[in-house]
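Structure provided below as structure tokens; questions to follow.
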């Protein structure tokens, strides 16, 4: 079947070309941003836990690119890319990581725990898996309000062992809610390899036990992720119930910047690096006739500028004032008008 | 209209769901059954399956999904079938709901109500008798209320539903059908954060809430009659934030304070109340702040044990007399 | 295949005949005991929640009959039968339900929350599903100590929605532990019907998502339960890893004695009552040439006597003394010698 | 041998696992990695995969499985990677472990240790800075310890492992590598339930534990030198059961008490301690029992916020001076 159900042949419109370049930009921006974050951490300019998603850029990009305004996303600790692709201001994101007043959480929380509700990016707690029930609740709202939006919850294969994940998926299945679960299976939960986490090969196999479909895809192949995500998201959005996409991938760096990851085989890392999502995608662009060298220069220049501006903004931003420690605990009750449309 | 405590809860739910289409109800058996205690009776018929949602046995999901809907502007009310099972949703409440606004730098709201039928004295044993409020009163970002009267049951629930923050609403099972009150037909709320003096007095202050208010008032009447003691009874109503002004005012007025609650002594709210008084009303005290609470154990099943463990009117009378004689 | 893998043809030894009659006795004893409990509840002689397992006797019997000394069982609220089949003294069990000093928990907890560790019957909390991790821990001990025992955890299909169940099954699968999960799927969790609890037909389908096998069996057919349980327990005991048996069944009475179960269709109940496990098994006994009438009389007489003795014992037993409320909270530390073999 | 706090923990684990083959260790990344903080370093090599078990991310399972093994006579030590995640195992601890013996009528034992790296001051923000001890000190059936010194880290862990009851062991992350002590080579334990006077004094009592002992001693030295104040410093060490005798003895001795802890004020253990003193040492008090604790908020990330929230030596000095001047 050369024309599989979902593999819609895209007309080569200018818009499509632009979209494809935008995807490239996003992957490069994520990589550049995270590389810079790792460096800033070494320079002690970012304190606390820093969790790099280097190597996993195709997932955030490929899942988020087909999303629409009003969709709700719940990223986890390694999903900095979700913030960028969903439109969070890179400068505010960097300020967040540096604990600045201008950061997403105004210095309250660290790293990716600050959410950006303006873009419906929900800030997670550290308790892995606990944002899945929340995403399910967002999907419930969309259904109740007859909105054509969906909720997307990201989680590592490690988090999949948490009870909250089970409860969330089960209820989503029962209620056929518009929620997409995205498992980034990078083979390790901190130091713990797959075989100590689960007795099966694919987290995606769990989906059927909740009455919906699981899909496995190479998380290092942007086009593959996109092919699945565009199709699956359309189904979820159409009200056909939840879905799970498992993206097989690998994290390049240690669990956090503090971790030398000595428990891993260096070979394994090197092998995965040969499947880096960025060169793979560059090959595709080249095949489509783009002048890759030119594009790369342009985009590198752009990502470098964006990241530098973000760093400048963040560094120049003030730290919060001590008295702000007691702010933001409670919402005021002016009128208590409910907000949902 | 005269109604019971449980009916007051039911009518608050009815009225708020009618008033605001973003209010909805979610929990185990809240639909066709109308809840294990009938608190949600009639809601399914009135508002349909989409706004009265029967869930699987998944407390973490119930609260977590409530949070997800709440941050998008809904006003979910979720029910724990028994407050005891709130332990299964603990992380979602204390880490997810309580920090949502803080970790979003003030740019998110989580108007969620968790209803939790709590309390002992109904032969419920270890896992159907708990008073878990003090696990939550130490969590900034939450509000915690515990109505002791029919009026407050309705007014505080309405206030909780309209509040823009997560509120844990402890309803005492023993009060469900044991107390009645004539309530106004017009809409009313009871402000969160305000304690209420239930009986004025000058000799001694008794500070309590929830399931032990009735016993405390009974005890106050007994000592008034038998000993001529004028006991002031303060009903905390809201447990987080505590109404420090009201607490300190009564302590300063009478100089002697007895704190009474059905929760156990150690780690109960009484310790916090006593500490606040001892710190901020020290000069006014004519005697030690005493506490009469459940014994430091689980609530056992067998009647002689349950009786030994829980406070009751007689024990309160004794404690008042002993403190008054100090 | 007339001789399916596990359907071992049993030699008609006297022992086997006795065993088959013993099974009958157990089912009848459970039914008689629970009927009496319901009556005692109506007479206000048992307070607190009473959850009848009437209609589900074949499950406790068929699962527990093949167990051995030293096996660990974690029953839930509807599994009074497990206590009886595993050898708990009926008199102490009845005293437990009445909150007497001589009860399993010495009056501390109600109904089935008192365990009987002498027979390795673990008393559950009320929090459904939370005993599955405990059973997994028991199995871990058996494995560590090279003991040929197994752990068995019972749970309703309602409890299967709890996160703890997921965490327990996943870890059991990873570690290939000797634990048997037994789901009693009686189609309702309190008032909540199956379709509001899960989007799949068989809880057993979840097992594969944890790397082990799930089996579905009619829970009202003792021989069917036995056929599966004998075979599966042998596998689990042999170290082949965990397993899940889902028994399809139905509860006759309300969720608890307080519940009139008006949410159910009366037809449904009547239909299930035609599949009552006891007459089904009687048919089998008859076919085997037993004089059923005689046996039934004998056994009815015996169960009646046992239950009556239990009631008498319980009623004559003292209530605990008030000061015992503060006993049994902490174990003494005399020497702190560890207990495992 | 001189060692750090973390090394003391590590050597207690080593020695106890060597002493008793029923002791085993279970948790996330405790094996090859040796734990996120290296507390379990070397255990896998010494005792093998069967006694040093890497688990999936399943806190409820970790504790629950510990309970199952414990009631069969094993002595499991389970690790929460950060104490913050103990919320995910909350039900297993407060309902399952804590009631096991009680609901079995005294015929079961649950010798389980839950190790929980807690505490702030390391830029860990909301979910890596928590001091959750007061959630557990109100639960009968549990014991709770919080060592503040290297000696106690080792001695209390050994005592916890040998105890026949569930013990929650809070180890303070900030102390891991910041304090050192010369420990005896011979086996020793520190009794659970006994507080310890770390510095004698007559003017004022400072009661503290865990992460704030060091700061408290520093503060005591400063006021001794600069103000001539003799502060008695009592280290609680065990938080459940509290050493009431020691608490009341120091309160009666000095008449002025300051309670200091890193956990927040409201609902922290300080309230219970203050309440006990106010109730039982009332006649001896020359001033209000005061508390210096973290502010009533989550532990924020950004340094100015974290600093504002947490207690420190200067704040303690100020509090001592203010109370001394009362």
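Letters A, B, C and D name the chains as they come in the text, with residue numbers starting at 1 for each one.
Definition applied: a residue touches a chain if its C-beta (ideal position, glycine included) is under 8 Å from a C-beta of that chain, and two chains touch if they have at least 3 such contacts.
Computed from a predicted structure; not experimentally measured.
Peer 1: Going by the touch criterion at the top, tell me which pair is linked by more C-beta contacts: A-B or A-D.
Peer 2: A-B
Peer 1: Can you tell me which chain lies farthest from chain B, using the average of the Cα atoms as each chain's centre?
Peer 2: A
Peer 1: Provide the C-alpha centroid distance between chain A and chain C, rounded to the nearest whole angstrom.
Peer 2: 45
Peer 1: Using the average of all C-alpha atoms in each chain as its centre, how far is it in Å between chain A and chain B?
Peer 2: For chain A versus chain B, the centre distance works out to 40 Å.
Peer 1: Just the number, please: Cα centre separation of chain B and chain C in whole Å.
Peer 2: Once rounded, the distance between the two centres reads 37 Å.
Peer 1: Would you please write down the residue numbers of chain A that are in contact with two or more other chains?
Peer 2: Residues 105, 107-109, 113, 125-127, 130, 161-164, 167, 170-171, 174, 196-198, 329 of chain A each touch two or more of the other chains.
Peer 1: Identify all positions of chain D at which a residue touches two or more other chains, and write them in rising order.
Peer 2: Within chain D, residues 55-56, 58, 60-61, 84, 87-88, 91, 95, 99, 102-103, 126-127, 140-141, 296-298, 300 contact more than one other chain.
Peer 1: Under the touch definition given earlier, write down the residues of chain B that touch chain C in their complex.
Peer 2: Residues in contact with chain C: 28-29, 31-33, 36, 54-61, 81-82, 84-85, 87-88, 123-128, 295-298, 300-305, 307-309.
Peer 1: Applying the document's contact rule, which stretches of chain A touch chain D when the two form their complex?
Peer 2: 47-49, 99-101, 105, 107-111, 113, 125-130, 158-159, 161-163, 189-192, 196-198, 263, 319-326, 329
Peer 1: For the complex, which residues does chain D have touching chain B?
Peer 2: 84, 87-88, 90-91, 94-95, 98-99, 102-103, 126-127, 134-135, 137-141, 240, 242, 264, 266-268, 270-272, 274-280, 282, 285, 287-291, 296-298, 300
Peer 1: Report the residues of chain B in contact with chain A in the complex, numbered from low to high.
Peer 2: 20, 22-24, 50-51, 53, 55-56, 58, 60-61, 63-76, 91-92, 95-96, 99-111, 140-141, 143, 162-165
Peer 1: For the complex, give me every residue of chain C touching chain A.
Peer 2: Of all residues in chain C, those touching chain A are 161-167, 170-171, 173-174, 176, 195-200, 205-206, 208-212.
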